[in-house]
């Protein structure tokens, strides 16, 4: 499936400010960037780098006083691996690749140590495998209200668990937290999401099952195979679309994701869809 | 029913220290102190006062360097009001006595604001009344493990809600928190508890229903009509059995509660039992 | 000194809703309400009660669907007790009136247990007395930024201590917390504050020193003898100007405080000013 | 300088349990493992792997019911880079290597977002460079009590900041948190520490300054050039010496670090000592 995605971001900078962006579609696995275009106004030099560890692509630039605007657009081809959910097992900790182990650790927004007892009580007796993570997503969807204005950038999954309200990032954090508590590596994924309403950057998560990372979206707000991965990391702290070292005023962000030529939803959020093994 | 209760408490005091104790059986309502004895060694003068607001009885004394020991024993007659649970309604906020309103407010260990959404989701649709508070206790008993060493003096009901483990004080805090979130005044009660194993000070809670305060024990560890009330307040912060302004070493505490003459359990923890309207 | 104070509050009520207001000037001690007027539109019956414990005055009413508006205005005479700050001592815990002891306990927004070590390190060696509480206020004024939008209704003094930003209510909570940690009873006071800019309900605190409650304002935003006390309690949880049991939309609030006839500031915020012993 | 380090760890395993250890001395940069010996009793097969990202060395094994014991010992040569503290600058964010950026993000125990304002108020105006991080360590040493029993595995740097007490891991977390809040990459390092009293695993931190990672120990309990690095990561969540997936009983741990042949302290805790650029 092919998607046209992109965003426009603007700032009014008060004085020399370094900005780091993570808005470009990731490359690798089942995700190919066919073409892309990046425009920075005024014509500033942006350093482009890809993390060898996460695959996240970063743009770093230092903007002088004044207005700075980014426009990014890309054509992205997604070739998903799809498996029968029933056939996907959890890898025992004894068999997990070393690189996945950090994604078992608690992180800023995913204090899996604090919710371990609940996770075990609620999900511990379920048969290990893909269906267990689906059940986690079902539980979140059922028990947490999707509500703007109830959380902020300090909100952890333990807070969301108590508050029972949040937005996509909080839903992802809670899913990750439960997975880790159960011994399933899980990580945060920021993405462009086709048919998300209203259009914005979206947040989902990946759990490591069998021998690859499968996508999960506890919000159930968009199709899994319509998500173009931007950044992945331990939680939202690792995948900010913009990190700003200085004082700026933000202009409204515009984000889009389109599927040219009469696309249709192939994989809804309980299907097993994967883009990567690493 | 008649109970013999008491305790022995000892400290080694490093230098002049003021101690405030709240260990004496409360007087009033259905609880009568038939006789009691207090021994303080060495022969220190203790000031005895009863709070007009809470009815809590305080002993305040200043101990010099050395060992100080208290022994308190009392014969207490309990004459409970018992009602049919089904007949007990919640008073609407519009009708609540003014004195009960502070017990709707969040407090140190009972942040009812933080668990309001969950309380409403879980218990909000249940028919108001005694049975709803019983359901809250059932839920706590079912979903929280009674485990020593999982909580400490900083643990709030929101912590307990996440951790899913605690002791009697945590169970009471969680019950109070849910009640307040639903608009039911609720308060913390420290007590001597007959047949509690092992014997120790116990913590339960009271909810204001109809026109009086009913006892609830989410731990289900002792009979409701075997509880001799010591202190009541917003939460454990108000009912410490000893508050110490100085440096001391504590000796092991001994607490007892006996029912002379072949007593039997009359009211198990889902019955409606009340000792007071105030 | 005489003040004209008042407020206008309005709501659009979705369905039958009970509202409890605490907006009327308190009576007693050095504060006399010379005259007052309360208008409720439409002509609803409001129950008026005064707490024997706190002296807070409550209006309780149940509003039907539609718009409800309150207008309160009062002429208030304040006759302060003023003492030389140097002459005011702290009462040792052994001598504190029983009624002040609850104001040593940690509360929802004033977790004095959590900041006890810092309070002792920072203020413990200062000579006990009025000047020590002044020093607490100085420290807060110096170390915490007064900034709207940095705190909300869940923010505790421990949060404010870490964040180093807040508004009047947070400043008061932090002052109270430090006092309690040092063994000084302290309580939250909501008030009308003359010359506060912009006009709004204000929050300060009282510490019990010698044999009475002295006013302190760590924000230093208004004169101490221009404050007309509305509510007092353990923290902001006890003194909400409006508590609403139902769904409403709020209209903007208007608050005023005027000193007719060329008043002047008598007691700036480091003077010792008291209105009450209870 | 050469050190003999090692540890003995033992568990009684209740049933098949996977254990992951991170106790081996790291290799690379200025740290060379001259020889080492690992004994596992009974003779279990342990998988040994080194993280390409962090350099941490992991032992993973699955133990059956019964007793399992590890004994690790190593001879390690440390060849430090030493620089004049005055000459070491902070790298601006615009120049930081991409790999260091994750160490600017808040993590489970280092919520740098929550202490940003304080860090800026307290340390923001100091000249950037090595001396600023030394000043952070001085502040921690001065303002936080080193006390066992005041913190646990859930304690964050924000907690420690409020509590003003903790142990080495808490001191390291607080130092890391302040650095990140100021834009200085910082990470947690577990180590064997020569002359640490009593001997145990130790926790310090590294800050990225100039073009390398410098060691800092806010506890000031051991010489910087006597530390043999074991694990590094975002915080203690990444460097547990043992992670256990099952139920075990722990035997007492024994840890040692010796400097054969009359070593002497070369670098005390305000010197600039580095073992690695990555």
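A, B, C and D are the chain letters, set down in written order, and residue numbers restart from 1 in every chain.
In the analysis below, a contact is a pair of C-beta atoms (placed from the backbone, for glycine too) under 8 Å apart; a residue touches a chain by one contact, two chains touch by 3 or more.
All figures in this text were calculated on a predicted structure; none of them were measured in a lab.
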Steps in the shortest chain-to-chain touch route ending at chain C and beginning at chain A: 2
Which of A-D and C-D has more C-beta pairs touching across its chains: A-D
Between chain D and chain B, distance of the C-alpha-averaged centres to the nearest whole Å: 45
Length of the line joining the C-alpha centres of chain C and chain D, rounded to whole Å: 47
Inter-chain centre distance, chain A versus chain D - centres from mean C-alpha coordinates, in Å: 30
Chain A: positions in contact with at least two other chains: 114
Full enumeration of touching chain pairs: A-B, A-D, B-C, C-D
For the chain D and chain C complex, residues of the former touching the latter: 114-115, 117-118, 121, 143, 145, 158, 161-165
Residues of chain C that touch chain B when the two form their complex: 18, 20, 49, 51, 53, 58, 60, 62, 92-94, 98-99, 101-102, 105-108, 110-111, 113-114, 153-154, 183, 233-234, 237-238, 245
